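The structure under discussion is supplied below as structure tokens; questions concerning it will follow.
Chain nomenclature is as follows: A, B and C, assigned in order of appearance, with residue numbering initiated at 1 for each chain independently.
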Amino acid sequence: MLMRLFSGDAPRSRVLTVLLVVTALGLALAPFILQGAKPLNVAAKICVFIVLVASFDLLLGYTGIVSFAHTMFFGIGAYGVAIALTRMGPNWGALAAGIAGSLALSLLLSLLIGLFSLRVRAIFYAMITLAVASAFQTLASQLSDFTGGEDGLNFKLPEVLTPGFSLSETPFLGVSLDGKLISYYLVFVASVVLFLLMLRVVNSPFGRVLQAIRENDFRAEALGYRTVVYRTLSNVLSAGFATLAGTLLALWLRYNGPDTSLSFEIMIDILLMVVIGGMGTMYGAVLGAALFIVAQNYLQDLMRLGSEALAGAGATALANLIHPDRWLLWLGVLFILSVYYFPTGIVGRLRKS
Amino acid sequence: MSAPQSAALLKPLLTLAGVHTHIGAYHILHGVDLVVPRGQLTMLLGRNGAGKTTTLRTIMGLWQASQGRITFEDRDITATRTPQIAQGGIAYVPENMGIFADLTVRENMLLAARGARTAEAIDSKRLEWIFGLFPAIKKFWLHPAGLLSGGQKQMLAVARAIVEPRKLLLIDEPSKGLAPAIIQNMISAFRELKSTDTTILLVEQNFNFARQLGDTVAVMDDGRIVHSGAMAELAENEDLQQKLLGLSLAAHH
Amino acid sequence: MSTPAPPILLANEALPKAHLDRLPLLLAPALALLALPLIGSFPTWVTLTVAGLAMGMIIFIIASGLTLVFGLMDILNFGHGVFIALGAFLATAVLGSMADWTASTSLLVNLLAVLPAMIVAMGVAGAVGYAFERLIIRPVYGQHLKQILITMGGMIVGEELIKVIWGPQQIPLPLPGGFKGALLLGEAAVEKYRLVAVVIGLLVFAAMFWVLARTKLGLLIRAGVQDREMVESLGYRIERLFIGVFVAGSALAGLGGVMWGLYQQNVTPQMGAQVNVLIFIVIIIGGLGSTGGCFIGALLVGLLANYTGFLAPKVALFSNIGLMVLILLWRPQGLYPVAKR
């Protein structure tokens, strides 16, 4: 019964199972075991990114397509919600409209990009998506009346989800039952559902054909599968899930701007998470996102301590190297090393032993 | 032939001993034992898929032998990389001819002439001789090689291989897809080439072509050499031809 | 017998003459002519066209290395931007240390200051390119997916290292005194620096063309782009050629970085990533592996950017993508596809 929930995709490694359970429990119980706003923020972000990175794994790990336009779809979802709630007011209708509208746009765009570019070589495709994503980012900051430009959009959520709302006067296990809690669980449950859905997709016959295409597209074509159709579908599905992840992000932050969802740095973060976690595993997205975001928030504090200590001791060059703002440097090094030495990522490694 | 010549003829220039080649999961050569005598034209015959092209490519280092030994002039070249093998004096004319279509005939020849920095530096006597063998080369000297006909491209490919003196020529199916008249031209050219004491290992499916040029013959099947000996011997033995190649010479005139 | 001279080809030769594919050559002039009525004013048009040509030349210098590397080695270096940024930042260091030379208004003195900056940029970028090829690219030859990921990683690390050395903020790179200002051609104001950029760009193009068309090395490169295996079978160590071309490409990117930095009059660590998108568009338009195509593509992009910047600024970035789409619809492999094996 449990296996059916996970579409028969077992972790296949005891350590991995433990890690996954710990992560899942941690996220499920986050409001109760964590104190303060920041840790809850981190938890919510992890939920959202698990969905986002898993959707990218669907494209990269399972279909073998490198696309740099993923953040574009993420941004469309986030902006969809942000714009709808700003213009139509904080109600459920607006939220629904925002989600529906952004999904429609993403599906259309991914279809177009897919059909146009998937006929060309992988390298062309990667470059084209890079260009398109870049253009979209500029577009978002330029259409400032619509999107709030560089400053982004702040908006209110339907009443149930606002911090002011209380489900009950008495706190439960030390946590007040307010709108924030409800929002968190909305994000959490949605993320779980979306992740399980994606597991279903990759473990279905469709998913298996994708993997066959990834391994050898000539062979797949010879066997009668129209690879263009499958690749385009994979593109569209992946874009759709990414868009939904975007809507969740906007919901949680009650804000969206070009840097929150469209920046190239996020694209790089996704790449790192999927490679370090393990491409083509789905569970890699879970571990990768969790590890990365925790590290991003807390490791930087550690780096700051180290950097200040070194600067105080006069070793400015070294201090510069481990300055918390240079966190991407070490991540980049880790990324390169992962591509060489751990091409299957953490999950792959765990499964081997 | 004179006595020193016949003695030299006995010494093999190239030897393959127990050579196996794997390409991915496919085991193509199953222990090839081949001797290429110096100064002679050795024909490598066999059906499609017998492993003839693979043998040439393995000698040339384009594919790595997984087992066995390849010896050239007393040197072990089994693990040597392609450029060094070529520099050692082996020239390769692949089945697809390897002509650089966007470059002119002149540029193709210049590339093959390792010792020449410019086309003018190519040995003029040798070039004249090549022009004599293959007039089309001279005629279309400045044309892009891609515009040449199939037969002309083939001649260019061979011309490239001999623009400088080479010790061994590896040629893969030069007569493939060519009109009979052109094939005759090619036979005359090869005959003249043979008279210069060049050692040639030539892969062919066309037995008529092979019979006219070959001194020695080796027949391949399923990645192995199943017969080797003098060409004259095979040419006279129709039963053997039938058995090895599934044809009789009479039917192929 | 004397050396055989190339035969005089008779007019009635049976073989069709090789025709130079002339159509793409008309694109850039066509675009310029198209823009003239839209802009209206001739002097403005001249200013914009020179600016466009200058920008195009700089982009060509940067992109030419990338397209050759791809054509020859089948490697797409997503980290090419690193060399651009490196070159630009080195220029700030070199020119900064020659303040009195740059302050002078004599063009000659300025050139004597900019030249070392260019040489240093090219040298260091070339050296870093060598290391990049050995450490990052060589281990993933032939694996396209990993190449894309790893070179992207290399770009990130490179950008961060630049931030470590020079700090994360934007640094101004003022033009040397003699380059500032504009010349008046009739009524049109043409910036001096842009003319210099056009001249340098043409020199680089001419040099590349000469090497590729007239030397044996160039012959090897052109042959290698078509059929790597055959070049090896002819006895050449193509690996050495690869490294040479990669280093040259990186050095050119460094040079381009210097010129781009001077064009923008400031440098930022992100400039590499920003220009990356632009050069990818250019080499796709030109055809991967074709220097001539890259040249035309670069000019088109440069001209288009300046014309749309004047006519409809909001459209500027999409104009490039639109151009790329149009060209790909006409010729799906780019303007001058390279005939491979």
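Everything below uses one rule, namely that a contact is a pair of C-beta atoms (placed from the backbone, for glycine too) under 8 Å apart; a residue touches a chain by one contact, two chains touch by 3 or more.
In this text, all values refer to a predicted model and were calculated from it rather than measured experimentally.
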| item | value |
| --- | --- |
| Maximum centroid distance from chain C, chain identifier (CA atoms) | B |
| Chain centroid nearest the full-protein CA centroid | C |
| Distance between the centres, which are taken as Cα means, of chain C and chain A, whole angstrom | 35 |
| Mean-CA-position distance for chain C and chain B (Å) | 43 |
| Chain centre separation in whole Å, for chain B relative to chain A (CA means) | 58 |
| List of chain C residues in touch with chain B within their complex | 1-4, 6-7, 9, 15-16, 18, 216, 219-220, 222-223, 226-227, 229-238, 338-339, 341 |
| Chain C contact footprint on chain B (complex, rising order) | 60, 62, 81-83, 86-87, 92, 94, 96, 98, 100-103, 106-107, 110-112, 114, 117-118, 120, 124-125, 127-128, 131, 138-144, 146-148, 160 |
| Contact footprint of chain C on chain A as seen in their complex | 64, 66, 116, 119-120, 122-124, 126-128, 130-132, 134-135, 138-139, 142, 264, 268, 271, 275, 320-321, 323, 325-326, 328-329, 331-333, 335-336, 339-340, 343 |
| Residue ranges of chain C in contact with chain A within the complex | 70, 76, 78, 136, 139-140, 144-146, 148-150, 152-154, 156-157, 160-161, 163-165, 168, 273, 276-277, 280-281, 284, 288, 314, 317-318, 320-321, 324-325, 328, 332 |
